[in-house]
Amino acid sequence: MSLPLQLTKSGQLKHFLSIDGLDQALLTEILDTAESFAGMSEHQVKKVPLLRGKTIVNLFFENSTRTRTTFELAATRLSADVLNINIATSATSKGESLLDTIRNLEAMHVDMFVVRHAISGAAHFIAQHTAPHISVINAGDGQHAHPTQAMLDMFTIRQHKKQFAGLKVAIVGDILHSRVARSQIRALNALGVAEVRVIAPKTLLPAYVESMGVIPLHDMHEGLRDVDVIIMLRLQKERMNSAFLPSEGEFFRCYGLTEAKLKLAKPDAIVMHPGPINRGVEIASSVADGPQSVILQQVSNGIAVRMAIMTMTMGSHGASV
Amino acid sequence: MSLPLQLTKSGQLKHFLSIDGLDQALLTEILDTAESFAGMSEHQVKKVPLLRGKTIVNLFFENSTRTRTTFELAATRLSADVLNINIATSATSKGESLLDTIRNLEAMHVDMFVVRHAISGAAHFIAQHTAPHISVINAGDGQHAHPTQAMLDMFTIRQHKKQFAGLKVAIVGDILHSRVARSQIRALNALGVAEVRVIAPKTLLPAYVESMGVIPLHDMHEGLRDVDVIIMLRLQKERMNSAFLPSEGEFFRCYGLTEAKLKLAKPDAIVMHPGPINRGVEIASSVADGPQSVILQQVSNGIAVRMAIMTMTMGSHGASV
Amino acid sequence: MSLPLQLTKSGQLKHFLSIDGLDQALLTEILDTAESFAGMSEHQVKKVPLLRGKTIVNLFFENSTRTRTTFELAATRLSADVLNINIATSATSKGESLLDTIRNLEAMHVDMFVVRHAISGAAHFIAQHTAPHISVINAGDGQHAHPTQAMLDMFTIRQHKKQFAGLKVAIVGDILHSRVARSQIRALNALGVAEVRVIAPKTLLPAYVESMGVIPLHDMHEGLRDVDVIIMLRLQKERMNSAFLPSEGEFFRCYGLTEAKLKLAKPDAIVMHPGPINRGVEIASSVADGPQSVILQQVSNGIAVRMAIMTMTMGSHGASV
């Protein structure tokens, strides 16, 4: 489905909408390109002129300072000009259609849309209808996908585990509502890990989740045994009072990651979380801040991975940094 | 009135507040300068260093993401630094007077104010009281003027019609409340078109509108006959429930531009609209997206025209691009 | 207390949190560095590449367009990249702790936090817990300190009076709630003025104010006699209805600066105010706009002083401009 949309005829990345349809070679190319940017942050001057004169529009229909910030920093460090448009509070309040908003920005000769939207498929829709010279990056759409988050997670895993073959990975928490989990599962399988387990109460697992290539489990003690990587998901507090979940305390007791439960995993297992973390809800502070946590490295890697995806979609395939 | 204010003694553009008082030669100079910037958007690097080190303040007392965006892009492509100040939500909430806000920004050595204000005359007031080294551009003041919009419209007309002499232009819709229409009428007459018609119900025409050099008409069939250019105005929906107008459907039936009515104009007539458009209210989608529509070209031209006005008022008269 | 925190072992400025613990030599170094930037505003291109590639985060937990603007301009003129984060409206709304917000931004390899917070000590707290490569600048914390404001005031005083020795300075108004006054008193005493007087009703003076090295007075006629510098504080209107104060008119009559009262000071006394001014509340318009007022020069100097503090804390000690 998305394959013809996000790739050029010669198989290069044109948009970045979803992990679906991207093969191991392309995902590895993204990770390798990100590698070349990862060292840059240590430099005295953290900028390269790869996208100088390009205009990147952060088109946020859903407010997310955190995600916007990482894209803004990535764009700035590539010397692009950034235009932040918070649609929630502005433009379309005059009743303009999404397509007319896009057409107008295109006419201003912008080069890229970074799209965040509460509705699944919004970034795809924009990519389908935008001008050929514009690239679209999905910065999270509804419960569908958050592919740049998944790629920074893959980068972090590779950084610590060197290769994906043979790895056992557990994803824990609200799989049902998580666009992050959906993208991670696709990426992990495409990159060839041995096993992806999803651990959650039945109410927080999608129906037919096995069809995504995962092993569903309801018990942490069973699920964490001998894994190399543990990915904790953020518990959306707004779901807490719903029928999905009993209480924060109850959830933490069953599915929170504590030092005791962490011992079930391999001794060199790494602990990941997309942030922002709820301390004492899905993860104990001692684990989040502990020696096996790579949560802040994920944040750092997020800049490099987004720089890679931006340059690749814009046709500048990671020129020498 | 505004002539001595917006021109230097030698007749060069110092502020850009209104079309009033600007003669054909100066308006033509703006269009010619914009021409030199219009090609730039195709370049790999869309920036020129003409205003490097200059600080341009977007001083918006009225929220308008759309207009702010075009000025921000124009300034960025001239390599200026842009400071966005949304007064509605900030600064003067501490009760500071407009003049004190201006004095403070002047003291920070900024170089230009781009002013949007709900009150007619606000940009003039600021230009009258600001320091001599600062230029003021009117980005829309009350129901008075929106001169950069008018100039991008003139640019678009010239692009398609080559010259203004002999042209018949119809402006359709809510003339009474439109700062855009007021500025367009001045510009069209200064540039020497043959005829400007304004088409609207009586309740949406200003009294003594003929004194502005236009022919008022109440019927589209009469008004559109043989025109070269049709400019549709946006219908402010907030006026809909007032005494001015019957209903959306009724308005569209009488004054909306359809393919059938468009046939009354010359076969090569162009259709313009300042945006954002209300599809099915003042214009049919098939016309807005049709072959005679130049609506998106207007948006593109808006960047070039604003770059021209910024460099001219700052004394850099369109150096080689 | 703050001495070991804001200085390196070799005594150089690492953070800028408070005037406390900074000696005359260091304060003078700040003023001298600012001097080298003060001339820049006159240049055609108002930028130097001293902080190119650095990322400066305006971390505002309290909204202040005015203060944010001065830091943004200072950073931009040093060629740094600026990230504005308004925490009030965003990020921590998801319930993330302050420390987690800081850790995340650190992980994005930012270089400086400019912190504004309603709670006294917030900037210190962040400086205590942030990564070693990051500098923190206090842009106002609760009723504690506003040290960059104090330094721009010192710069303005030196500009007019050449030296601090022998000067008599009066600070007038709501001393009790003013972080500005607290920082000014420290700076004036560290720089060796002859006398600092604080003039206010008893309800607006802190207990034991004498221990700060000032002479408390309740009467303007006594307090202004023969002073070289008068610093008026802004009256926070929100305190007006409290028990602290009678009425605006009453306050102006007793503690407002009029031309008549100004005559009590030395003939060449200068009048200062941190802004925004309440005309007719703490200061008469004729005085604010009069020949002895240096209020707008304070604003101009604010940019240069903040550029100096930014470059000094970042280890670029005022390289040639």
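In order of appearance the chains are A, B and C, and numbering begins at 1 in each one.
Keep in mind that, in the parts below, contacts are C-beta pairs under 8 Å (C-beta built on N, C-alpha and C of every residue); 3 or more make two chains touch, one makes a residue touch a chain.
Given the structure is predicted, the values throughout are model-derived calculations rather than measurements.
Trainee: Taking chains as nodes and touches as edges, what kind of graph is this: line, ring, star, complete or other?
Mentor: Graph shape here is complete: every pair of chains touches.
Trainee: Given that chain B and chain C are copies of one sequence and touch, is their interface built from the same residue numbers on both sides (over half shared) or different ones?
Mentor: Because under half of the interface numbers appear in both copies, chain C and chain B meet with different residues.
Trainee: With chain centres defined as C-alpha means, what is the inter-centre distance between chain B and chain C in Å?
Mentor: Using C-alpha averages as centres, the distance is 42 Å.
Trainee: Would you give the residues of chain B that are in contact with at least 2 other chains, written as numbers and ranges?
Mentor: Not one residue of chain B touches more than one other chain, so the list is empty.
Trainee: Help me check something: in the complex, which residues belonging to chain C touch chain B?
Mentor: Touch residues, chain C against chain B: 41, 43-47, 63, 65-66, 69-70, 72-73, 76-77, 237, 275-279, 296-297, 299-300, 302-303.
Trainee: Hey, which residues of chain B end up touching chain C in the complex?
Mentor: 52-55, 81, 83, 85, 90-91, 94-97, 100, 103-110
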